[in-house]
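Notes for the one structure printed next.
Each chain carries a letter (A, B, C and D) given by its place in the written order, and its residues are counted from 1.
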Amino acid sequence: MRCSEEAIAEKETGRVEAFSDGVFAIAITLLVLDLKVPRLNDQAEGGLWRALAMQWPTYLAFVTSFLTILVMWINHHRLFGQIKKSDHLFLILNGLLLMGITVVPFPTSLLADYIESNEARIAAMIYSGTFVLIAIFFNLLWRYASGKGGRLLAKDHDAATVLGITEQYRFGPLMYAAIVVVAYFSAIISFMLCLLLAVFFAIPKSAKPRELNRI
Amino acid sequence: MRCSEEAIAEKETGRVEAFSDGVFAIAITLLVLDLKVPRLNDQAEGGLWRALAMQWPTYLAFVTSFLTILVMWINHHRLFGQIKKSDHLFLILNGLLLMGITVVPFPTSLLADYIESNEARIAAMIYSGTFVLIAIFFNLLWRYASGKGGRLLAKDHDAATVLGITEQYRFGPLMYAAIVVVAYFSAIISFMLCLLLAVFFAIPKSAKPRELNRI
Amino acid sequence: MRCSEEAIAEKETGRVEAFSDGVFAIAITLLVLDLKVPRLNDQAEGGLWRALAMQWPTYLAFVTSFLTILVMWINHHRLFGQIKKSDHLFLILNGLLLMGITVVPFPTSLLADYIESNEARIAAMIYSGTFVLIAIFFNLLWRYASGKGGRLLAKDHDAATVLGITEQYRFGPLMYAAIVVVAYFSAIISFMLCLLLAVFFAIPKSAKPRELNRI
Amino acid sequence: MRCSEEAIAEKETGRVEAFSDGVFAIAITLLVLDLKVPRLNDQAEGGLWRALAMQWPTYLAFVTSFLTILVMWINHHRLFGQIKKSDHLFLILNGLLLMGITVVPFPTSLLADYIESNEARIAAMIYSGTFVLIAIFFNLLWRYASGKGGRLLAKDHDAATVLGITEQYRFGPLMYAAIVVVAYFSAIISFMLCLLLAVFFAIPKSAKPRELNRI
């Protein structure tokens, strides 16, 4: 069973992706632990509907964080479609990105709990700030992998695609940083912007079919 | 290590399935977190049996949700046996389906907690309503993948099998919607119907051996 | 990329195993959630050591359940080394086995909480009773897969190995059933027997090297 | 689809690694459950910042444990790059190592809760003591796999690399044991040493490019 060195490197990278996928899958599933069954003090008719309805920030935060992690997973997946090798620093940078992803349930819970209090803007800044951090880690990971003429990419990588990803990623930290600034003035608007951004990224662009097939 | 474009697309789809399997596996395992060890106030003989027995709705809800997610995983698995390509919209639709799956522990817990209260019907409507939503997402995913003459299917897909799945999936949302209506009148009957439906789907039909082997 | 039908069936079975491995991995990791940081009422010197030491049943239950699930995973893994095909009933039987595995954290927590109370024997009976159930599911799964002349096994399966597994599995339910009976008289002895049984299964037998390599 | 016996053994080992990766991924993601949203008693301006800032030990413990598990995963991954076969004892030793990994959230939580109390040194000793245990399990696993002239390694393994790993692993238990001794005198210094050690291991050494590519 002789394999070329390139094939071994690609298999190794596949395992790194599998581990990352596991962390993404767990982080996105743990979000549900924040949906708590409401306790009713009075058993008045219609009490449960009202109690559930009052938890709207929790549901909205759940959907926002779920969509955001989903889009980030798709991005991560797309990156690994380009990356064919890995080294120690790459594993560490990828690990830092995963740390950012696993943390998401915490600011999500924080935002849901405080969005209706007078501390809402702090919670919203921390929530969007987490996404700034993750977006920066994404840039670090990609710039390292694609740097020095495609350090960890396939030998026959398409320079235009690589440049396109680099261009596109530049906006992530900026957009979320802008949302942090918005959060300083209005928690609810920054919250809505986070949701809109996730939905915007989720909506398919009029991409060329070939690119779509390769995700 | 040259691969045809088709093989690459199939490998990509395999990774999407692996991620989805991870989410299914975690969601189905998190259900156990709802089984709580009862606290005894008085240490009377036989007190633990009684305390455990009084938790019957929790056990029944656990079994119902476990079987339902299991059957949904089998369905998802079967779909991916037909699907050979993926694109951005497919990833998003699959992500929405997964969001529905990860949510299941929440209405499960809600139903178990309220089935014996006078808010039981609300909890039962939300519980079965969740399955309506998941069934709709299943239809969206499949109709998109199989639409336009099998957009994301294998080139040599069997038209009869595809039509069979489409036909079969049409009933999912309808059946669960009917259970929502039943829940409006009786929580316990709708609960039992959810369990029966999961058991019914779990029981193997007199399928042709060849189809069975391919799952 | 043409594949024989046999290869497709084997790939499918590999995915079922991957899903099962995910459930095993999550169930075995969720056990840690039962290890709770003790709260100290008085900050007396040495208070934390004592508080931690008083939690010994929790640690022992953790180790026992961890080893038991680990051994069960090894068994499951070994079964799938023989099984090359799958069908709907097999998926359901495997699902029931996984339900048994995911449940384990609950009786583990129950036993740890009640081992020092006068309800200890009930908790111990439920704990060992869970393993009776899992052992029965293992037998059902294997008997179905290996029945009718090796329904789901490789065509060239070794009849002696298959018979050996069947023989060996027969004892699982009996041994755990015996421990349930012991639990009726003494919780602590049945608890120790569960631990001893897991350690006994974990200790490698003087197996032939070839079998070892194939696990 | 004929495969050599060697290829089968390698595939088997791949599955063991996949299961292990699952456990690592879950354990590293469960760490986030220890980040708790603070409850505010008084809604004074700036109260949330202060409440969050007071949780610094929780964040630091999260980062330290995350990095430590990440580095351990990289180590585990590297070991499996050498190991091509598995047997029952190997599965058990690997299982014990995984038990150590899954336990980490518990001492992490313990340390975060007690670092500011006068029981801090006990918590710090248990925290670093857990890493001593894991480091010992790593040595046991590797020494068994590489013993007897490379019992479970590839036939053409590089003796120098194997010796290098053995040499390197010898220091793990010693370094963490030294940190346990430090913890006896100062909890905070031992805590910082754990963090520094994780960062030190995470920083890439000036390795030869070829080795890097193989991780």
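Everything that follows uses one rule, which is that a contact is a pair of C-beta atoms (placed from the backbone, for glycine too) under 8 Å apart; a residue touches a chain by one contact, two chains touch by 3 or more.
Keep in mind that what you see is a predicted model, and the values were worked out from it rather than measured.
In summary, no chain was found to touch both chain B and chain C. Superposing chain A on chain D by their CA atoms means rotating through 90 degrees, a value rounded to the nearest 5.
At the chain A-chain B interface, residue numbers used by both copies make up under half of all numbers present, so the two copies contact each other through mostly different positions.
As a whole-number value, the distance joining the C-alpha centres of chain C and chain D reads 25 Å. Separating the centre of chain B from that of chain D, both taken as means of CA atoms, is a distance of 35 Å.
Taken residue by residue, chain D touches two or more other chains at 18, 22, 26, 30, 33, whereas all remaining positions touch fewer. Listed by label, the pairs of touching chains are A-B, A-D, B-C, C-D.
Across the complex, chain D meets chain C through its residues 1, 5, 8-9, 12, 15-16, 18-19, 22-23, 26-27, 30, 33, 85-89, 91-92, 95, 98-99, 102-103, 105-106, 109-110, 113-114, 117-119, 122-123, 126. Looking at the complex, you find that chain B touches chain C at residues 4, 6-7, 10, 17-18, 21-22, 24-26, 28-33, 35, 37, 40, 43, 45, 47-49, 52, 63, 66-67, 70, 73-74, 77, 81, 202-205, 207, 209, 212-215.
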